[in-house]
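Look at the two complexes coming up: chain A is in both, with chain B in one and chain C in the other.
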Partner chain A sequence: MSTNFSLTSRVVRADQVTPLIKHFSFERVDGKPFGPFSAGSHVVIGMNDGTESHKNPYSLVGSSNNFMEYEIAVRLDSTGRGGSLFMHNNIEVGSEIEIGSPFNLFPVYKPAKKHLMIAGGVGITPFMAYIDEMNLMHSNFELHYSVRDFENGAFAKELQDKYPNQVKLYIQANDVMANFNEILDNQPLGTHVYVCGPHQMVADALRVADELGWPISSVHSEEFKAPDPGNPFTVTLAKSNREINVRSRESLLEALENANIEIPYSCRGGACGFCKTEVIDGEINHRDYFLTDAEKASGKCMMPCISRAQGDHLTLNL
Partner chain B sequence: MTEEISGIKSKPVYNILQYDPKSRSNLLIAEDDGLIGLANLLSSSELIPSLTTNVMYSGSSIEKSNSKSYLSPDRYNKMSSFDSVDTLLLALPQALAKSQMGLRLYICGSEMFLWSVANIAKAAGMHKSEYNMQLIGSKARRVYCPHCEATSEGVTTDIHECEGCGLSLVNCDHFSREMGAYLGFRVDAEVHGEIPERQELYR
Partner chain C sequence: MTKIAFKQPLETFREDFTYTNSAKAIKRFPFPYPEDKYMYSVNMEHHDGGEPGSVLEKTFDIDEHYLSEVEERRIVLGKDPKRFATLPHMDLHQWDLLELLMESLAKDYPEHFSLTKDNDNWLWENRPLGIKQSFVFGEKSTLPQAPAEYITRQAQGDFVLMDQRDEDLYADAAMVTSSADWSVQFDLGMSFMEWHGPVPLAHGMGVFERALKYLLMIRLGQPVRRLNWTLTINPRMDTAPEVYHEWGHERASVTPENAGKKVHLRVEVQTLFRLPRSNGMLFGVRAYLISMEDLCTDPAWAQRMHRVIKTLHPELMDYKGITRYHKALVGWLSQFDQ
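What follows is the complex of A and B.
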């Protein structure tokens, strides 16, 4: 499982690449290399801001051939739950944090004839590792990257300088919008498309791909969702006969972890399915992308990383 | 046509060609009597006339001069006829290399033909959901020999001599989509030289 290691690591570089995005490089405190990873992988960063612990998933943005350093880029969400704020304000060169093992929910389909990437905002992050890998493999690729303005386009300049023919920037401040119909139409047979960005952008791109006859197997997407706050509720753990409280701003998974209950996890955003947990009683407010509609309707399981109680109580088979 | 189910999951089951409403262009490919399958598909009311629909055909059993009139000409854009299956299979990669996402293939012919085309489609980056196959014609098999790694073509008997190593192989219903071939194995593996009489199973 993804939690099979947690490595204490030290920040060796921290650069503010845009007003909202900070780029970190880590190396292991023991000086050993990290394990290998494939482009598109994420890691969970564990940190403690003094009052709360946070575990946030971030795509690895560095080269998958560099085993000595892991790199991530963190977008500041000042209205979020505090993890990104802590990374921006308190994590500097020399700081130590915990890094979990990489897991890939968004791998490159290597046999594709062409790779078409569509990124929006901080959704550029997995594609940084993609492009490095594709460049080394001499793959045919194209990146369509939408940013609010040039200043807020993380890595936009370096990508454009390095790959002027393969990278197309869409700067919304200049009224240049990505037209998914134009991008996805007339692509050569054997192309695979990868979409990462805000929910609406991903949904729009997937809809257009479907309308243009792209098979599902050639369309890949990733969006991480941070757990939204909700009403507090209590949870009864049937097997261990315990009762725990879930506060408004913490997820059920976090509340379980704080009570020292180990649940396997990876993405912490309702996508990977690792933390699926059996529910015995209580109405569930499902917020994940993983469970099928039938599973959600059954009311017998949930993804505690992101989903909550509909009412004020749940009983779990834990 | 109903296919007998052998109980081996990998053995392909073929259906009548179904038009995919998601398609943005169509390429219909047939050999010999497979043209019948294409004719049925082309007469489907679901086929959208504004989309490009091309045909590639290699046939002997239906006179080529008739093949154009056999398919209603207002239902397709271009038909390419080939002297042999081999020349068709040689032209196909080029045709696919010029094609765009949204293309669907409809393939009709003998089982070996279906998988020859499917393997070219796969090499062009197509997923199995992008092609549709109907078996009309010979069920003669392509059989892979795990002893010498050669494949024998046109096997119609339960036991045959491998074209590569000459061993007598029994072919079973285990089918590899990767190779488009059934698996054979040495019939006298336990007692060398004890080879049962062969029987014709398919034509």
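What follows is the complex of A and C.
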């Protein structure tokens, strides 16, 4: 039901905030405001490096009350698929990119009595908007932020200066590590914990929360997972009677988009559900978090942003 | 840009029931049946405008009954202030609703409403009601009531604010003074499935699972809508369980002779909006009432109305409270379907 829309936007600021993280601010080319968004929202940034198009999701950073600008922070991933490399090397003040409408898969749990945030590295990004909202709503919050060294802690100084009592920095270079047992133990009833950061950190925090008996409904996490590569395969599109090839490094969704087939999307990481597609034939390698086990077992639908063919062929009802 | 001619003197939705529709209002009535037989469906579509002049054209429709419905809301809240209710975590949702209503009304009806913003210092003008209010957006103390109560006292239709969490939608704040037999105090805080618990048949059809999944994925700036309907005796807006003693017995007053005047079709244009700051959802319920007599001035509507009511599933008939006067109504409607 939902359609993709995007706004052509221009970079108005691009700051290297750490050696690996670049902070971008965008304005709409038509001069209109973007409007408010909720803390935890992401947007998909669309760019074309001349040979390939990239569409990557990024958390919106910064104040949801600054309607004129959207801000994101991008960590350079030199082993990744090229999107962040392109953002770092080629996107500068004046560059134009496409921005999709915000969608929130990591919202603040409004009835919580206390908000406990655990961030690692670039995982700080959604919490910048969280803290803004919590400050506005006079909510009780605490942020535990782990960084490799002070130089690599995006927004670390700004956060510590502004919220000295609520923000705790852990600088790994100084051998100060966050102890999840200490952080998660003895929190008041009604506390919700939010975790965002590298995969291992998120897994560790969730494991400790589980061991300490935190209810699963009080524990929230977000990781943007880029689609892992897999074997190449071919896809038959039953309705349009076409055949396309999916290369090893691209996702099925990207292959469909490159063949000019438009599918609704938002997170491009198997979580939001927008790109759900009907499968007519072929075995599926499900890699998403959205479909129920029963849906996966039925073999009748898949999330093409992240899932692939198990064998060398799929037939889709497209 | 034409001014809407609001009904004067104000119409009543109680006691002497002076509410009526002008010829223009009859013509734009949202007749809800696509077929001669009615059954549930997840009948949602994008709420992105409609035929010029139709009730679907604007984000929030304002019509000739505006002043009368605002007064009816004031009367209901005077008797029972708890028809506006909110849980403590709904502040952001309330500001979202205030902003959405003020911006939409000012944009769609500039001759009647205007909104001027200077950062967070806002000036709201509602000319039909003679209101000029300056306030600070985000500062509750600068408005005479809670933000959602303040703005919905100036709007037609009921409004439910839902908080989205745990892959569900919770009805955590609402202004409901014209409900079709549901109680805001009873339903406050309920999840989507709990709230829809009393609806017959649809649960077995999987309608609500599909509807919830769909609603959770509604995007900012892409609202959706559906129509719902029931029948009401007399043009009564407030058919809440809290005042059942005032209206329940009226179902027994329908006869084959008076059905055309007494029985009213009540159509709800239900809208759903993703709210930007809170990530919540707004559920808007804008009810339109029309007497059978006025409805049947359109021969196609009259014929279809007869067929829909005649063949209505008995469980739906019970749920909508029609059973008691079904025979009398079908008898009256049959004259249009010979």
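Heads up, the rule we're going with is that the second predicted complex is superposed on the first by the 312 of 318 C-alpha atoms of A that agree within 3 Å, B and C clash if a C-alpha of one lies under 4 Å from a C-alpha of the other, contacts with A are read in each partner's own complex, and residues count from 1 in each chain.
Note that in this section a contact is a pair of C-beta atoms (placed from the backbone, for glycine too) under 8 Å apart; a residue touches a chain by one contact, two chains touch by 3 or more.
From a predicted model like this one, the values you see are computed outputs, not experimental measurements.
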After the overlay on chain A, what do you see for chain B versus chain C, clash or fit? clash
Given the touch rule stated above, what does A:281 touch, chain B (first), chain C (second), both, or neither? neither
Under the stated touch criterion, which partner chain does A:218 make contact with: chain B (first), chain C (second), both, or neither? first
Going by the contact rule set out at the top, does A:41 touch chain B (first), chain C (second), both, or neither? second
Which of the two partners, first being chain B and second being chain C, lies in contact with A:272: first, second, both, or neither? second
Would you check which partner chain A:149 touches, where first means chain B only, second means chain C only, and both and neither mean what they say? neither
Figure out whether A:189 sits in contact with chain B (first) or chain C (second), or with both, or with neither. first
Which chain, chain B or chain C, ends up touching more residues of chain A in the combined arrangement? C
Classify the contacts of A:107 with the two partner chains as first (chain B alone), second (chain C alone), both, or neither. second
Does the superposition put A:210 against chain B (first), chain C (second), both, or neither? first
Part of chain B, among the options 38-46, 74-82 or 182-190, whose backbone runs into chain C after overlay: 182-190
Doubly contacted residues of chain A, that is, touched by chain B and again by chain C: 111, 217
Could you list, by residue number, the parts of chain A that touch chain B in their complex? 111-113, 184-191, 210, 212-218
Spell out the residues on chain B that touch chain A in their complex, using ranges where they run on. 22-24, 96-97, 99-104, 124-127, 129-130
Contacting residues of chain C [partner chain A, same complex]: 44, 46, 87-92, 138, 163-166, 213-214, 217-222, 224, 275-279
Touching residues of chain A toward chain C in the complex: what are they? 1-3, 5, 35-38, 40-41, 64, 101-104, 107-111, 133, 136-137, 217, 266, 272-274
